[in-house]
Every structure is written in structure tokens, then in C-alpha cells.
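Next up is a structure, given as C-alpha cells.
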Amino acid sequence: MIDKAAVSAEVAVADISDGASVMIGGFGTAGMPDELIDALIRRDVGDLTIINNNAGNGETGVAALIAAGRVRKIICSFPRQSDSHHFDARYRAGEIELELVPQGNLAARIHAAGAGLGAIFTPTGFGTLLAQGKETRRIDGRDHVLEYPIHADFALIKASKGDRWGNLVYRKTARNFGPIMAMAARTTIAQVSELVPLGSLDPEVVVTPGIFVQRVVEITPGAAIADLDAATA
Amino acid sequence: MKRLDRDQMAARVARDIPEGSYVNLGIGLPTKVADHLPRNREIFLQSENGLLGMGPAPALGEEDPELINAGKQPVTLLSGGCYFHHADSFAMMRGGHIDICVLGAFQVSVNGDLANWHTGEPDAIPAVGGAMDLAIGARQTFVMMELLTRRGQSKLVETCTYPLTGLACVSRVYTDLGIFSVGGGGASVVELVEGVSLDDLRQMTGLSLGRCGVAYTS
Amino acid sequence: MIDKAAVSAEVAVADISDGASVMIGGFGTAGMPDELIDALIRRDVGDLTIINNNAGNGETGVAALIAAGRVRKIICSFPRQSDSHHFDARYRAGEIELELVPQGNLAARIHAAGAGLGAIFTPTGFGTLLAQGKETRRIDGRDHVLEYPIHADFALIKASKGDRWGNLVYRKTARNFGPIMAMAARTTIAQVSELVPLGSLDPEVVVTPGIFVQRVVEITPGAAIADLDAATA
Amino acid sequence: MKRLDRDQMAARVARDIPEGSYVNLGIGLPTKVADHLPRNREIFLQSENGLLGMGPAPALGEEDPELINAGKQPVTLLSGGCYFHHADSFAMMRGGHIDICVLGAFQVSVNGDLANWHTGEPDAIPAVGGAMDLAIGARQTFVMMELLTRRGQSKLVETCTYPLTGLACVSRVYTDLGIFSVGGGGASVVELVEGVSLDDLRQMTGLSLGRCGVAYTS
């Protein structure tokens, strides 16, 4: 019997090691897999490359990972925000590398990785600083930039429900990068608010088929504090 | 000199959005346009973080942290709206499925180049978000901005000096002092704000502005 | 009020004219919009370019369109089948042009059109007859072929349910090419087995958002014969 | 000479598919493998027309024309299976998410080139379907075929003479007369069918076959 359910966030992230590339779902805090990130922070690994839309908000999630000094490089579209002080400080201190990618190219490059494409010609960014040094081509009267897929060793994502085969459904705009990151990472770890019995997800409404998910860990909303207490006890 | 305030500008943009349009409203000033869309016109607002059919802000206490817009503010979903992932969302944009995108700007050039993501200051931390995708993806990109900086410099320019967001992508510029069409060989005044003359605009911008209409913004 | 519902298949296809490129959903007969195709056949238009996975099965759908002599060119992955005699005959007579595309490249090229990409490097087909004369490139140790998007003037697809904004859900494997063809055509016409009131489709389970659909026509299963009678009366 | 029949071949392939594998079974002979997968092993069958978790053929009278496999035969969906569209389906394939793909073949070369889509006859109407995507997409591509043509020619060859489906994509070839590994410098016999010697295979194929094991297929 195949059971992708991990007993805890700790166990789920136990093989993420120094230097890994890690996609982290979420747009702002919606869809951010906070408990998986917390578990990653409790592991003593650094030198990570993080792929996320932002570079952390406030004190939790990606911001906490950056604050803990675990991130060597971040690939994102929108690092600077009113509450991105942890990133800002590390970036200004030259302690973190930034690869800035237009949000749609970020999505397309992640999707290309998941779909096994070698590269894509995208019109976004042509003629801008973010296309400097990149190959360009005029196709059908429109200028394009050649962009390469973004793969990752791991993806940490958050879904609403999941089953033991790794099928996932999401909730509202927390869906965002989850489905495409799941496709692009070698190992995808999903925290779900509810682990449901196999067969309870309607086959027509599964958003992420289990083939893209290697581990599922149930994190009941509100249980995070208890989980943290247990881990530090 | 009389200027349109931000709500008047938003109302003016809203007037030009036909029923049935698929529209993306950028972060900041353009968000205001939503408040001025007439209730009897069905217009589909897209937010690039994965929803179509965006409704107004929720009532106090009804906010859902998992139902937000691109500016990360709580929103609602209209009946008939739906959710999708980021690749699908930007496919809508890049694939030309969005009719109108309304963006803020630092500068717009007479040929429609847009600069709205980076001040170019060496110590600024750059952040682009979806700006570049939005700028070149929609069938029409409208810019909504005050015509002059606080120091009185025109943001409608011959050539952008700020780093570009997209080339020749803007078709229309809505400002507090007039409405301009750009691209296709130069800038023209489409509509004057009452009390502001074409000569005033030529002087303020330093541009040899053409004129497409005689209408006044009300 | 926006109402994309068309009163009949005839009305829905009324502006498809000579020389149009038309994507037609379906894999075999599953998801084939038979009634829209029948309505197209009843119009006197020819010289069509058809994009479909197959080149017609038996006597209905794409096969009927070919039999009626309306198709100048077909872009597909699997024309030859046990029941593709209408295509076979026309092809052997030199009356129909064939662009043969590997099925996954067909899907990826249609998807690329919908997503506004200029071209994609795909590994499929490298070193084969179907890549002859095409640009190739070795990327990250893997050989790729440069393939261009496939756009179309129209897409005719079949969904299970739709609403007046054009939101669609599909049924089982009848989904196949429908969602990506809807994205890639300038005008997408969906026949749905049931037109449902706005708001009755769960926003989490809509597969094709209405933005990709311009017209919806309700074809209740079993009503096709009555429809045909009415049209010929 | 004793040969494995088609069911024995299918059973032998089935034995090499570990629990938890994502597997695509090609049209024709490979479809038979499904009947031989042990019930107590959870294996995920994908069909490229948009389903994962494919179950056995439905009972007579229970067929659903909208629930078919790539061969357009009626199938069922297991509890826990799901549907998706064609781009997602081939993303699974091309993106390396499918562990094992089992295909039929006209020819396989010692370096793993596959020819299975076109006889090369000038008057044949070509049809490729998903063959090229499947051949190069899966992490491992197995071929399942009779070793010899009806005329007694080996289908395991030094160099394919039929038009290629994919280059260096096959890792293992299951035949009625032996199991071969190909690629990475040449072909080797992995397993002999009882009553067939390595020399027999060398003679039948005309290839200088290496030998990786001494096992016999039962």
C-alpha cells in the first residue's frame, strides 16, 4: 500500500540538506506552508536557494528562514515590501543573492520545468534590465526573450485537502504557485489542513494529481503551537 | 489650476471600460477604478494571484486571509468567479486574453514605453512582481498617474529615463490634467480637463502634443 | 448583462468562414463536439484547417467534416485508424494536407499559443522524421527541437456544464484537449450538455474560466436528432 | 523452440514494476501488462488522454464512452484516481514524472533507439500519437515485443532501419525469447527463456550480445 502521509513536518523535511534548492509556495502569506518552513528552520541546514514569489513577509515563513540565515540565494519577483525587513537587511549586507524574475516568467519557468521543456521564448521583459544579456528573438512580429526552466530539489507547498496518494485540492487564492511547484520539484512535500481518506476527493476536482507529490503531512490549523512545543520539549 | 482628484481619475478610467471586458487593475491607484465601475455593467476583474470575477472588499470581520488580491488585500469573489493557479493566471495575461490592464507609472514615453517598476536608484532593492507581464500582455494597457511629479516634472516624456517595464505597450494615459493617447508615432491629447488648455499641457510636458478630440473630462 | 449562451449550434458557428483554422476538441469520440461540427457542415464553408488529435472516426464529427470535403489541411497526431476511411481516401487522393505532430507536442504547442509564448524547446521528436528541417538545440545535456505555437481562429469543444459567463467543467476523459484549445483560439465555442445558472459551478472546480470562452450552446444529449430535423425543415 | 506467449511476456514485465510506480502502458501488447499486475501492489496507471489511476475494463454494459484509454477502449477509474487535460498529461510524461513506460516496437537498436511508429513504406499513412513523447519522457522505457518478425528477422538490431521514434531511450527489451538490456554501449542478455541459450540469441539476432545475468524467465 502506498501511503505518502508523513507523521510530522519534521519527518517530512528530514532529508533537505545544505545547498538544496527549495521552492516554497504562497503569494504573500496565502498558501505559505509555515509549519513546513518552521520544521526546516529547526533543522540545521543552510546555503539554501529559495524560489518563492516574495522574499518573506513579517516574521514567519520565508521571512523567518531568511532571518535564521539559512538562505544563500532567492529567486523571486517581488522581494521588497513594507514588511520584508529581514530580506532587506540581509540583501543590503550582501549576505543574500537575488535573482529577480517577472512574476509571469517565474510561473512559466517553473511550469516549463514541470512539463519537461528545455526553454521558452517569452515576450515578458524584452528590452528591460531583466533581459540584459539574454538571448532574444523576434517571432511573428513580437520580440521575445529566451528563458530557461527553474527546477528544484524540493517544493514545500500548502493545500487544503490531500489523500495518501498525494492528490491535492487547494483553497481560494492559496492555490497560487502550489500546483506548478509540485510539478517542478524532484520531491514535493505538501502540508494539508486535512488528510482525507482515499477516494473522498472527486476525481474531477483534484487540482494536483498525486504523481506530483511525494509526501503529505496533515497540519490542522491551530495545531502549530502544540507541534512546536512538542518539538522543543 | 484645477486637477482631477484620484477618485475623479478613477471614475474617468472606469467610463472607458466596456461591459464584458476582462480587466486587470494594478496595485495602488488603479485599484480605485473598481469602486467606480457601474453596478449595471458586468465587467470581469482578474487578479494575477489566481482569481477572476473579483468582487469588492469584504465587510469588516469577514476577511479571509486566503482570498486576497495582487496587492495582498482581502477581497471577495463574485458569483460566477473562479480560482486558478499562477501559470494559468499569467497565461491569461501573456496570451492576450485580458482586454484592458490599468497600471500606475513613473514615466510613459510618447511611443508608449512604460517605466513603473524601478526608480533606478543604485541602492534601491528592485521588485517587479507582475508589472512586466501585465504591461505587455493585455490587449490594451492604460496608465493612470498624476501628470507631474511633486517637483513639477512631466511623467509623460519623450524618452523614459527610468528603467523600462515594457516597450511600446501603453495605448492611453489618464492623468489629473488630461487624457493622452500614446504610441504609433507620438502622443496626442484625447481629452482636456476643464480649465487646462492644450497649450498648458504642451508647456507642462515640453512635448509637441497632437490633438485627437475636443472633449472635456467632467 | 453578459450572456455568452447562443440559442443554437447554427448561430454559434455562423461566423466561421472559408479558410478558417478550427481546433476541434476530442480524443476519438470522447469530447468530440458532434453537434457543433454538424452545424458547421450545414454551413457552406470550405478550405478549413482542422486541428484535432485524430483525423476522424467512423461517420460522425471530424470524419463527417472531411467526408463533406470541407477540410484543406489537418494538423493532428494520429490520423490513421481502423475507422479513418474518410481521411484515408482524401489523403491518398491528395485532396487533404497533413501536418503530423507528436501528441504531446500538439498539446504543448496549443498550450503555448494560449499562454502567449513565442516558441518552446521540446525534447519530443528530436532525431526523428518529424523534426526534419527544424531548429534543434542541446540544453542541459538533452537535445531539443524548437516548436512554434498553434493558434486558431475558432475552437469547437464539448464540456459537461457551462454558465452564461463561459465557465466550463468537463466529464471524465472527455476533458482532453478542451481546456487548452479554449485558450488557444480567438473564438471558442463550447457545446455543453447542461447550461447551468451563474453561480452554480463551484469556483474551486471550474476547469476552464469563462475568459477563454466566447460562446456556449446547450446541446442536451439525445436532442441532436430533433435539432437536425428542425434545421432541415 | 519454446517461446513465451503474450500473457507470459506481460506477466514477466509486470514482475519488474515496483509498488508505487507511475506507469504508462502503450497501445497493443503492453496493455496486457495491466492484467498481470499483482492486486496487492499499488501501481498507478496513467493514460495519456487524461487519467491517472486507471482501473480494469468495465463490466459488459457498464462502458462509458467518455471514460476511455489511449487505445480508445472503455476503462474504469480506481478510487483515488483523477482526470486532467492533455497538456498536463503530457507534462507528466515529458517532465519525467512517469517512472516506467512500456511500448511495443518494430525495432530496437543496441544503443536503445526505438522505432515503433512508421514502417517507412512510402504509401503508408503515418500516425504517431503519443509514441514519441512516451519514448523519451518516462524515466525508463521498456519495450515488449516478439524478438523475431514472421520472416524470422531480429527486431533487436545494430541500427534501426525503420524511421525512429526516439534516440537512446529504451533501457530494457522484453521478448518471447529473452530479456535484454540496451543502451550505454551495447545490448546484453539479462534473462534467458528456458530452452534458449545465449548462443541461440546471438545467432538469431546476429549481435555480439553481452550477458548480465544467469537467471531464467519462469
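Some observations on this one:
In order of appearance the chains are A, B, C and D, and numbering begins at 1 in each one.
Quick note on the criterion: a contact is a pair of C-beta atoms (placed from the backbone, for glycine too) under 8 Å apart; a residue touches a chain by one contact, two chains touch by 3 or more.
Computed from a prediction, not measured in an experiment: that's the story for all the values here.
When the C-beta pairs in contact are tallied for B-C and for C-D, the bigger tally goes to C-D. Separating the centre of chain B from that of chain C, both taken as means of CA atoms, is a distance of 35 Å.
Centres computed as Cα averages put chain B at a distance of 55 Å from chain D. Mean C-alpha position of chain C lies 30 Å from that of chain D. Within chain A, residues 108, 111, 115-117, 122-123, 170-172, 204 each touch two or more of the remaining chains. Counting partners per residue, chain B has 77, 83-84, 87, 90, 93-94, 137 as the residues that reach two or more other chains. Contact annotation for chain pairs lists A-B, A-C, A-D, B-C, C-D, with touch applied as defined. Chain C makes touch with chain B in their complex at residues 1-2, 111, 113-117, 163-165, 167, 183, 198-199, 201, 203-204, 206, 209-212.
Residues 27-31, 53, 77-81, 87-88, 91-92, 98, 100-108, 110-111, 122-130, 143, 170-180, 207 of chain C touch chain D in their complex. Interface residues of chain C facing chain A in the complex, by the touch rule stated above, are 108, 112, 115-123, 137, 139-140, 142, 144, 148, 169-172, 202, 204-205. Listing the residues of chain D that touch chain A in their complex gives 19-20, 22, 42, 44, 46, 51-53, 77, 79-84, 87-88, 90-98, 137. On chain B, the positions that touch chain A within their shared complex are 47-51, 64-68, 72, 77, 83-87, 89-90, 93-94, 118, 123-133, 136-137, 163-167.
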